[in-house]
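Residue numbering begins at 1 within each chain, and the chains themselves are lettered A, B, C and D in the order written.
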């Protein structure tokens, strides 16, 4: 249990600078990641949850160096990802893959499936011209698509099938870790369940680790071992499933839970008016970012930023007055 | 608002500087000895040397460059090689004619193009739509000198509705307006085409937007939905297109002025070319480029007027 | 007992779209009524016809679609048979609508106050000034903070949740009796969704609204609906009071849908529905769910009627296997 | 969903073929190209041969389009003029497309300082009216076929930089560039094997419209007297002679004008048709 984690994100920071305004743009800074830390063990599935603008997608993109970080470190199997050279990065990219929310936008519409999935194999020297078709067919089979899909184009598939292709592509390089950014949120419930089952099976077969980004607690409950809850660029709570949802420690986790509608009239949504909007990410409130919406906020919450601290076994929370 | 204008002007300074530098480089550093181009290769070395001295080409290139910038900064574009008159005076004397022509053609473009585009979008694939398509195809296909000659042949030579020889340079406002009609139509054709197209496509897009559905859900009739809810959203692309094609418009103004024999910047450019008047040409380049930069600023300011998102974000 | 008819009655509504010269039914023969203060939820996955039903009721169908038969009675007036003028008069006055995308449903170039008050000028002949005053009251009603100062603000200055509140104010401006809400919270974060749903429920009680709620989210249905109708491929397959539905889902599709939904509570298991919805052009005749149904039999090639089950006349199912 | 989108993609080609405008435009342009190619054999007279007896004679059966002020056969001169116009048009557009696209894709893909420099440079170049820029370049460089191509290409480059950059930025908004990077592809591979094919549609549309613009610019320069020097026949040059003799020989202006118009309409029809075919939802 105490072995070095596969992925070790420490104090990760990313500031977005936007220019808006007329005719002279004003520059605003948004701290998308404001000191985010968490780890992922080998074969572990960690969910990252939060609402839009909390920075959950940015974590994946910065960790994969699709954007450059402004501070902190990302350790992957002992290597420092953020400091890695171009050459080392190629090797690291092979072992860390990504599945996107919208497979239609993450696939090149002009490539046939055999080329879309075969190209990474060829680029990394895992297959040559003679073996690539069989290799791709095997990948397709693994995600439940027929061999006849080989010579078709992405637009010929439904949303669920395209997401299978996206998953097959992530699997092509035999990674150890997959970042999945809302991989099922664009799908209908019945198809979403198919994809979730597929992910579960693949995970078991390959002992894959996942960073699973989602806004849907039900989906996270189903697929994840552990959950990281984010609010306005900060981690507010970390804990195992289902305990974190049964007994949330952070008031925000609790709010998320009671706001999520369940298909059961007996546990209907708590529709209290917590009036007021979530604060703007450009000007987050001082102290604990959540204090303006928190029923138990005190003077301390308004001024002092709560640090993430361990509470009990495997749980941690960034709150001065945990529930 | 005033502060915005000032700031936007300040932002334009680097662009203006780059424009001046480009003109300078084009005229001075381009391969070939300008004295040969101006005097021909038969001219004597002494004549060339005199010309070099006159053009300031004898000085080191960098000091020529700074002289040039310094002059322009003081509103001085030098003197014409051919007439030795201050170029600024020459330009100012014809500039009103070109401005008048350009504005008139923009008016033609807006007055015809906007209603035609809206109508075409509203009745997609109907008669108005086909008419708009054919009309705008013609508009983008006719080179300005071809359409100009055609207009001249039909309305001046055959029908004699308008003078063949331009009477733009007159104090009589009626005559001046009469002289403006054909050139403005000729120059406006292209604008009509662009404005029609962008209005039509913009309206088609706007009419499919959710907010138009919201407007209809309020029980608003067709006219209010189209003109109050959809059309204001098309103003931004229209302004963009007008700003974008202003350069083409100025180019076409040159041709229109030649064909209709109107005084203006275009005629002056041709005169400068024919007389190989390099300093005049240089001054005219500066003027037209400055005009475009100014037009871009105006476009940006117009955005603020037609789109609240630009102003208040 | 007053005998006022329900504000919204739909009888035998069929809506079709024209594709390559052929008519395809996207909504087939559906009937329902909604009483004042009642919420009826239409649920189903994309392409099941639930949004087309909402657009049919409001008369805002896209040009390729049209109501081919049936009646839609809003306060007793048949929207289908009425002239376009009558429909415009009812729209925004007797029926209010809110849509899925609060980001795009408001006009970006018009001030909020004007957009909210516009229907009052159109239907009740209010002056600009009176409409503006009423718009302020409406914005306060939907709890937009500092409403008076924000009348002249533009949509981009509001967050998604606030815009949806503005949409609600706009829809309720003329105090309609029917509110059509097409996926009103789908684009919102869950905490904001809870706020908006609470607001709608509150206003519904206050105004005595009949609400038609279109949603794909069974959790939302469980939270706010009184009755539910499940749609698949343009057909209503099950119709029931909400408690009866979640206690005894009966149609194989309803059961499968509930089993496929991930839940926070419970055992953390789920069961996918195999296959996918056939495209409109390849719908099977008879029951349209048969291609994915575990209970499929010969007779399914004929369309079953809606039949009451479990001795409850309110709980009806369209399934041969489930008919007693 | 899948059926409808596949149907859409498959009909792009057939839609293009079915579009009467596109087909018509294509025929017109092909006829013009063929005419230019066979000019040496098809023209009934030497285009430069003067005949003082037949100055400004109206069209008849011998001289289909009449003769000019030097008694030269206008029909033959138009055939030969097509060679100049089309050659300059095609070469200048090709140069502009290639250079502009490479710069635009690279700037859009990398962003940052490179991008800002490129944008600033195109802004400056676009501050000069296209025609006036071309005019000045030809005047400075001297009128020859090569210099015409250079001058017109220079005006085309910033337009294609802008388009390619904008489209590349739009591509980057989609996830697939990130997907390529996370698969460890090199930047060159992503730019030219993935981004470029996806923006090619727009480039082709723009290129056909620019071809029209380039030919228009060439004929315009010729009209002003800045194309390949006389006696070489150019369309714009013949129109100019016609304009100078508008009362005595209007046919002189009419026939080359019609040739220019035909090419313009043909190319614009092709451009519009391709645009409609590649995006069926986009209004024309």
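To be clear about the criterion, contacts are C-beta pairs under 8 Å (C-beta built on N, C-alpha and C of every residue); 3 or more make two chains touch, one makes a residue touch a chain.
Keep in mind the model is a prediction, meaning the values are calculated, not measured.
> Which contact partners do chain C and chain D have in common?
A, B
> By the contact definition above, name the pair with the higher C-beta contact count: B-C or B-D.
If we tally the C-beta pairs in contact for B-C and B-D, the bigger total goes to B-D.
> So how far apart, in whole Å, are chain B and chain C when each is placed at the average of its C-alpha atoms?
Here chain B and chain C have centroids separated by 53 Å.
> Suppose each chain is reduced to the average of its Cα coordinates; what separation in Å results between chain B and chain D?
Spacing between the chain centres: roughly 21 Å.
> Measuring centre to centre with CA averages, how many angstrom lie between chain A and chain D?
Each chain reduced to its C-alpha mean, chain A and chain D end up 48 Å apart.
> Counting in whole Å, what is the centre-to-centre distance of chain A and chain C, each centre being its mean C-alpha position?
32
> Can you list every residue of chain A that touches 2 or more other chains, as numbers and ranges?
Within chain A, residues 158 contact more than one other chain.
> Two or more other chains touching the same residue: where does that happen in chain D?
In chain D, 1-2 touch at least two other chains.
> Which chain A residues qualify as touching chain D in the complex?
That would be residues 61, 64, 66, 89-90, 93-94, 96-98, 100-102, 105-110, 119-120, 123-124, 153, 155-159, 161, 169, 172-173 of chain A.
> Sort out for me which residues of chain C touch chain B in the complex.
These residues of chain C touch chain B: 58, 60, 88-93, 95-97, 99, 101, 104-111, 115, 118-119, 122-123, 153-154, 156-157, 167, 170-171.
> Could you list, by residue number, the parts of chain D that touch chain B in their complex?
Those in contact with chain B are residues 120-121, 123-132, 135-137, 139-142, 212, 216, 219-220, 223-226, 236, 239, 242-243, 246-247, 250, 253, 257, 260-261, 264-265, 268-269, 272, 282-284.
> Quick one: which bits of chain B touch chain D in the complex? Just the residue numbers, please.
So the residues of chain B in touch with chain D come to 14-15, 18-19, 22, 26-27, 30-32, 37, 121, 124, 133, 137-138, 140-146, 149-150, 152-153, 157, 197, 200-201, 204-205, 247-252, 254-255, 258-259, 269-270, 273-274, 281, 284-285, 288-289, 292-293, 296.
> Flag every residue of chain C that touches chain A in the complex, lowest number first.
45-46, 143, 145, 159, 161-162, 189-195, 197-199, 201, 216-224, 242-243, 246, 256-258, 260-265, 268-274, 276
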